[in-house]
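Before I ask anything, here is the structure I am working with.
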Amino acid sequence: MTSNQAAAPLATPLAKPATSWVTTGIFIAVLFALPYLLPVVLPELEGIITLKANFMIFQFTLVIIYAIAILGLNIVTGYSGQISLGHGAFYAIGAYTAAVLMDKLDVPYWATVPVSGALCMVVGFLFGLPALRLTGHYLALATFALALAVPQLLKYKHIEWLTGGVQGIVILKPDAPFGIKFMNADQWLYYFCLFVACIMFWLAMNLIRGRFGRAMIAIRDHPIAAEAMGVNNAMVKSMAFGISAAYTGVAGALGAIAIAFVAPDSFTVFLSISFLVGLVIGGLASISGAIFGAIFIQFVPNIADSISKAAPWAIYGMFLIAAVYVMPTGAAGLVRRLRG
Amino acid sequence: MEAFLHQIFSGLAAGGIYASVALALVMIYTATHHINFAQGEMAMFATYIGWALIEQVGLPYWVAFFLTIAIAFVAGFTIERIVLRPLADKPVLSIIIAFIGLLVIFNALAGFFFSYTIKAFPSPFPTSPPFGNKFLSWHDLGTVGITVMVLLLLFGFFRFTPLGLAMRAAAFNPESARLVGIRVGLMLALGWGLAASIGGIAGMLVAHVVYLDPNMMSGILLYGFASALLGGIDNPGGAVVGGFIVGVAENLLGAYVIGTELKLSVALVLIIGVLLVRPAGLFGRRLVTRV
Amino acid sequence: MAKLLEVKGLRAGYGPTEVLHGLDFEIEEGGITTILGANGAGKTTTLRAICGMVRVSGQVSLGGQAIAGKATEDIVRLGVAHVPDGRGTFVQLTTEENIRLGAYVRSDKAAVAADMERIYGYFPRLKERREQQAGTLSGGEQQMLAISRALMLSPRLLLLDEPSFGLAPLIVQEIYRILREINRKERVSMLLVEQNAALALDVADHAYLLETGNVVVSGTSDVIKNDETVRRSYLGY
């Protein structure tokens, strides 16, 4: 049951190293082989059309991208204990940064990713500075308001020359570099995103197990004690917000490149809610959980969409509430410590 | 000058709606100290029920209006009992996730049952402008009138009835409330019922102006948050004043300063501004956290 | 005299920690009984257990009716009023609203109005401050308010948790004078928890001495007051 996935990591917030390197290695190997495994696992794809296989690869590319975004949200909500309902805003900033850089300045796609990350880090840090004075509900409210306002901000007519207004920006999908022939654009993008994701996950693991991670967790669990121990709460919380925004911004940039299109209405409050769903399903304060969460938010809507346009969201809603119930009172020590 | 007056009046009319949404938020906040992120979607869904009663069942407007309020009350009451009650001792994050879950479910259910196509919602008020003026319609006047009436009724209820007093007592000090025999859980559910009803009223009034669709309340909820925070999240009267201030400010700023496309950002800036500068709002009580 | 409250083998605690390890005691109709003991002996918990504010096991019967395990709200409806530790003032409400809340479960409006006037007779200071926000009252006034609120239930049993706590001696004297008067005039039975043993033994007819969740001594107040060992070992005067 999925809700158990949500609950399980809660019991051992810091026991992640237990995941053996072998498992991790196999997992990464599978991820790398995926574009070539797909036709084998699903033989009916082979004969038909590469189009369908390419679409599946594209979907897995999105899974990787969402995993990065959810990991970002997890840094701020899972580890640092600040509730954000507005990470879709940072995803949007990342996406638009990449699109504008490629569209207006002809910056190569790969170079837009770090720029988006850096910009989101600054924006996130600046947003985090005042927002860190807010806790619990109020931070959720401020970020929720941000998420609601984003599409409108993107449509603002005085920046239309930059953002393309309601129409958005169409960008070119990059081909594999160095004239590589054995990989098509979708396969190349998959590997590109996977490469970025590996770096981001590796960084996150080190961040969380390091000094900064311990400071974040200390603040989450007992802010006053942390302050008394010499942790600069304000700084750490803003930095956590900034880093988290950077992750989500990188994901946004990758998303823009993969979809080759950005438009304001892709970044409604429901995007932020999707990330929250992914976070809760994958497990709070769990690095690998981000991947499960991403698989969930990528594929469940696809399946449910065939029932009705409303079905994916109804399912999301039910999963959200179910997850809250199943977070066991005893094991949810972590969540309990998030209490405002 | 005329245009200016027009902006003020339509701001007041919009303010009436924001005030009602803010009132609903304040109701739940005072009872449970939670901010109900699903308030807007609950109101939207209630409005669809009102629409179905009028357009599909064929009930007269006012019958449908009051029936919707009653249905919303029962629904709000039930949601508290079934969904929120078991979460009473859970941390803030769990409760916020549950609220978001409710938001998403109501949004999806509305789309599922009533489709995503935009629907017109009737107004009970005459269409001709009142007293030959061109600044505001009967519907605007009616909106303001109903908002003020709701506030007065709530004030009377909380101030002068034993049940209202018991609800306040339960919200302020649940343990002492139990010691005088108040069933605190029941009071919280009643609070949710009342909030859902007020939200339904706001929804039915606003649907005539913005038209009915599953996402109609998202912007209005944002203004509702801004109004409630501005007035003080624990102060019903403040919420109503905040609603009117936000309505007028939003219209004037939209018309003369930043243009209509950025109006939602006014709410965003207000929310963050109030939270940072004066978290208690204009009329709220300052909260002190003990270390 | 008839027994109003009979407690047998009462166990209670918070979470996994048991605080009361099987208490036996009883309260006589119309009397004042006191529970004495050091900090942490379980006095407050005993009161909270009687009115269902903590998880309990064992028997508690009020006038022959079993009340252990019932919800606080229902025990209150059977006529048990509690003046809690820390006074439990509704600080945002007015003095009069606080008092009116005490009669929340009663439906006899005329009698409630009469009771309110009678209580204002005991505590005229509260009447002067009836429209004042209760949080702005002094400590002594809030204690009087808590007693008034409890009396508005017209209780069969009044539980009092350290009514002298943190108050000036003169105020304490006044409060105890009034409590005695109420007991005598209105025959309200009381269970009094106090740190100030001398004071409590003065007003009570019966006393139980509690040590780490067990009753170690019981008897009439006079006997306990004059028992050298008890006095020296437990009461410290």
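Order of writing sets the labels: A, B and C. Residues in every chain begin at 1.
Everything that follows uses one rule, which is that a residue touches a chain if its C-beta (ideal position, glycine included) is under 8 Å from a C-beta of that chain, and two chains touch if they have at least 3 such contacts.
Worth saying up front: this structure is predicted, and the values here are computed from it rather than measured.
*Asks:* Could you tell me which shape the graph of touching chains takes: line, ring, star, complete or other?
*Replies:* Its topology is that of a line.
*Asks:* Name the chain pair with more contacting C-beta pairs, choosing from A-B and B-C.
*Replies:* So, comparing the two chain pairs, more contacts are at A-B.
*Asks:* What is the distance, in whole Å, between the centres of subunit A and subunit C, each centre taken as the mean of its C-alpha atoms?
*Replies:* 57
*Asks:* With chain centres defined as C-alpha means, what is the inter-centre distance between subunit A and subunit B in Å?
*Replies:* Inter-chain centre distance comes to 32 Å.
*Asks:* Counting only Cα atoms for the centres, state how far subunit B is from subunit C in Å.
*Replies:* Computed value for the inter-centroid distance: 43 Å.
*Asks:* Looking at the complex, which residues from subunit B come into contact with subunit A?
*Replies:* Residue list for subunit B touching subunit A: 34-35, 37, 83, 86-87, 89-98, 100-105, 107-112, 116, 218-219, 221-222, 225-226, 229, 259, 261-265, 267-268, 271-272, 275-276, 279, 291.
*Asks:* What residues on subunit B touch subunit C, complex-wise?
*Replies:* Contacts found on subunit B: 162, 165-166, 168-169, 172-173, 175-184, 285.
*Asks:* Which residues of subunit A touch subunit B in their complex?
*Replies:* 77, 83, 85, 130-131, 133-134, 136-138, 140-142, 144-146, 148-149, 152-153, 155-157, 224, 269-270, 273, 276, 280, 284, 308-314, 316-321, 323-325, 327, 329, 332, 335-340
*Asks:* If you look only at subunit C, which of its residues touch subunit B in the complex?
*Replies:* Going by the criterion above, the answer is residues 51, 53, 72-73, 76-77, 81-82, 84, 88-93, 97, 100-102, 104-105, 149, 153.
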